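Worksheet: one structure, shown below.
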Amino acid sequence: MTELLQQVINGLSLGAIYALIALGYTMVYGVLRFINFAHSDVFMLGAFTAFYSSRALGRWGFAGGGFLGGLLVLVISMAACAVIGVLIERLAYRPLRKRSTLTVLITAIGVSLFLQNGGQMVFGVNPKAFPNIFPSQTFKLGGLVINSNQLVVLGVALALLSALHWIVQRTRIGTAMRAVSFNATAASLVGIDTNRIISFTFGLGSALAGAGGVLYGMNYPSIEPLMGNSPGLKAFIAAVLGGIGSLPGAALGGMVLGFVETGVSGTRWSTYRDAVAFAILIGILLFRPAGLLGRNRIEKV
Amino acid sequence: MPGWLNRSQLVLAAALLAAGVAQFLSNRLDSYVLSVAMGVGINIILASSLNLINGFTGQFSLGHAGFMAVGAYTAAVLTGKLAPQLQPIFGGHVELLFPFALIVGGLVAAVAGGLVGAPSLRLKGDYLAIVTLGFGEIIKVIFQNVEYVGGAKGLNAIPDYSNLFWVFGTTAITVYTVWALMNSTYGRGFLAVADDEIAAEAMGLNTTRYKMVAFVVGAFFAGIAGGLFAHLNNSINPSGFDFNKSIEIVVMVILGGMGRHTGVILAAILLTVLTELLRQFGDYRMVIYSLLLILLMLTRPQGLLIWPIRKSASRRTT
Amino acid sequence: MNRSPSVLRPTIGSFPTSWPTALLLGWLLLAGGCRRDSSPATSSTVEPIRIGEFSSLTGPLAGLGQYTHMGVVLAVEQINATGGIAGRPIELLAEDTGSKAGTAAPLVRKLISRDHVVAVIGEGASGRCLEGAYVAQGAGVPVVSPAATDPQVTAVGDCIFRVCFTDPFQGTVVAKFIRQNLGLRRVGLLVDTGSSYSVGLVDFFRKRLLADGGEVTGEQRYTSGDKDFRGQLTALKASHPEAIFAPCYFGEAGLILRQARELGIEVPLLGGDGWEAPELVEIAGSAAEGAMFPVHYSVRSTSESSHRFIDQFTARFQKPPTGVSALGYDALQLIADAIRRAGSTESPAIRDALKTTRGWTGVTGEISLDEERNARKPATIVRIEKGQLTFVCTVTP
């Protein structure tokens, strides 16, 4: 029983991170209908921004390890990633707006390779130890062990998810985002500046990826330029699992995937973990192609 | 011109002959050039076969490396672990055992293609892409866990049977097959599926069957390419057939111009050679590669090697 | 779907004439592209002795490859500074496997046939060292691996050597250490099935542990590159082991140590020689305290030659060496010594000279190569205390 509860806690913190990254995939897909392969590398940049900014803060006498200091590092990373995301869209994707999805997809792969290899040159290839940006403490409840980092991960993820929900559902720009996602042409006809909305979407999604990178670094304190590959792929699965284009779907998909992975890891089938994740994805797509919470689109001529 | 051969078949025969001659002269080349040349041939097979699926039939598969793995492992087991049982059947002739292993590898890969295709080809676009990606990764994980084929250690000491004759002979056959298929009456069906699936369906085409055929034939050649790769590289490892390998092949197809025979072949040559040439730039190699890729997409998105042609209305679905 | 991939209409019918052109063009590209200028290594007119190296200079195992490479470079620089070998300088041609499987064979083929190296320093990671070893064996060029511990590596053939101990030895040493020195019996195993090194080491460890009356409480698996081991560790914890053996490379090890302590696992954690890298302590932080593993050579060793090596290395690279740096240094020095002893730069002569290496003194200690071309060396068990490797005991073969 203790083991089961422990696995649930482990799954929750992993799932929360997947959910944050998955949201970025799903938002970009919502407005542009393409898979932004570079998203997982923005996630990596988020972790590295946190690494360097917490060092810089420490050097300027800003005592690291405090709760406020941690939040500051988080905000810096999110802001940096938002800027990077907007830049990538502006430089690499916008010139291709009228081109086929595949062209943009390959460009995205190019951007991803560029960030990974450029990252290897700038940050070095060796894994770096991610600093303790939040005070770390371990709590014991009976046989259960919870690390404060896991709680921070959950708390930050929940806060960001609520903030995103508020932005998308309650603000003007959120309404415009939904409009563009629903029908870009119609949205531009009613006077929505689609380019601005797309930039905003990239910024927002990249900020979430940046936050995901920081939380991932806290949870798995070994960061390197290729660190985005595996969680990126998983988050992408999570996004499709939940129904790509659907925000609650991405959150749910991330959680489901986190639980499944942790669950499988504790059994003798642990090395089939990735295969199980993909098998579930395939199963869902075959029986419910729109994903768990996605809308079914009917293809018309 | 003999009556029983048309022009393209003559070209195929000439290409096969050329492969034989090249092999005959190959001892003049150093083994590095030879291996790069064979790498080019293998990549042409991979790109042409994926072109059948992604280009001509308009389905987006991201799992080609998985089928390559199936072929590579099958062929390597046949010429390795099972060789003592098989050699006597061929009277100890390697030149018979190797093509047998290649073909069996291709067939097993084709079966895998069928098994993957049957459920997934109902899906479209990005969904098909992610499902094929998923199957590709599952194939990799399975190989990682099967002790008989070395698990995560992979297979080593695979005999180096691949040579210019086998590689370029197979390349010629692959390119010819894809070309001939697309130029047959039956082949027009693939283009119809790519152009507008719903319209094709309305015209009474069995679109699922066309997609299946493209998938199975594509997987067959990917499997053969895998077999050649295994016997060129002497060792194979599950992690060598991952998602990134699939992406590599997809990039060749897209750079060459989806659904172009020559363009895709040229792209396969160019990218293979480019990767080798960039080696001297050390750390900068992949940075340059990725920048070139982005630049190419920004400036020549229709494919690097496409000359202006009649412009067709792009496919429209709602 | 709104914007599904649009496909340009394929042109058909262009095939018969254009594809031989394509092949021709390809050959031209190849012929033109592969002609590489041999870089002038020295200003002198003396032909340098070319030695190849393939290692993981980038990717997850770069920590292993880079440190090895620095050791090799230091050895080359020292030899060249003192006039080279018989007046000929050494030119080192290093190739990067990117820590990726399937990359080594073509690189070694290139080193041998294109760069005409007379000997090769092998990759430290066993999997890729094996890939390259088959090619080198086929070409008759000797390979000396600094740190590949898989027994299969030197079994490839009479051209493949190593200057480190092997996994059967290492696994036995750790099992013996747990049973006799620590007096523990129940051990949990955590295996990286994506690494031949980890799988092999666990096999040899288990054999010895069971033979010594020990017991395996549970075996959990993961694949290289994983970051989350909480699921596996939680399950292992539930099997109540007295120690956990988790051989892998340092990247995973740091996270395993940290997550194990976070999950309240207090029993001793042990690994293999792959744990040795500064990153282990950096990543695991205080969770690294008490971790134990065998090393080829302790940088705290007392011998004079090893002190000199540490000083020179630190002066050259502004950081202290790790065990693999010393092994890389020894691997190159051993090749140089073999060339001197052979009095020839022909690969077969170097191979034969390597075979007869007995009682050669390197910075990692005295090296004698046995009939299987393996170095017979003792292993040193170290424990991490206050972030430093502390000597525990030496186990001789």
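As written, the chain order gives the labels A, B and C, with residue 1 at the start of each chain.
The working rule: contacts are C-beta pairs under 8 Å (C-beta built on N, C-alpha and C of every residue); 3 or more make two chains touch, one makes a residue touch a chain.
All of these numbers come straight from a predicted model, not from anything done at the bench.
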Shared interface partners, meaning chains that touch chain A and chain B: C
Can you tell me which chain pair comes out on top for contact count? B-C
What whole-number Å value describes the gap between the mean CA coordinates of chain B and chain C? 33
Measuring from the mean C-alpha position of chain A to the mean C-alpha position of chain C, what distance in angstrom results? 34
For chain A, residues that touch 2 or more chains besides their own: 34, 100-102, 120, 271, 274, 299
So chain C residues touching two or more other chains come to 1-2, 4-7, 58, 193, 223
For chain B, residues that touch 2 or more chains besides their own: 60, 124-126, 141, 144-145, 258, 283, 314, 317-318
In their complex, what parts of chain B are in touch with chain A? 60, 119-120, 122-127, 129-131, 133-135, 137-138, 141-142, 144-145, 196, 198-199, 202, 243, 247, 250-251, 254-255, 258, 283-287, 289-291, 293-294, 297-298, 301, 314, 317-318
Touching residues on chain C, where the partner in the complex is chain A: 1-7, 57-60, 62-63, 66, 193, 219-223, 225-232, 234-235, 237-238, 251, 254-255, 258, 262-264, 279, 282-283, 285
Report the residues of chain B in contact with chain C in the complex, numbered from low to high. 7-8, 11, 14-15, 18, 30-33, 35-37, 39-40, 55-56, 58, 60, 124-126, 141, 144-145, 151-154, 156-157, 160, 168, 175, 179, 182-183, 187, 191, 194-195, 233-240, 257-262, 265-266, 269-270, 273, 276-277, 279-280, 282-283, 302-303, 306, 309-310, 312, 314-318
Interface residues, chain A side, partner chain B - complex: 29, 34-35, 92, 95-96, 99-103, 106-107, 109-114, 116-118, 120-121, 233, 236-237, 240, 244, 271-272, 274-275, 278-279, 281-282, 285-286, 289, 299-301
Would you mind writing out the residues of chain C in touch with chain B in their complex? 1-2, 4-16, 18-23, 25-27, 29-31, 33-34, 36, 58, 95-96, 100-102, 104-106, 109-110, 112-114, 127, 130-131, 134-135, 138-139, 152, 156, 192-196, 199, 223-224
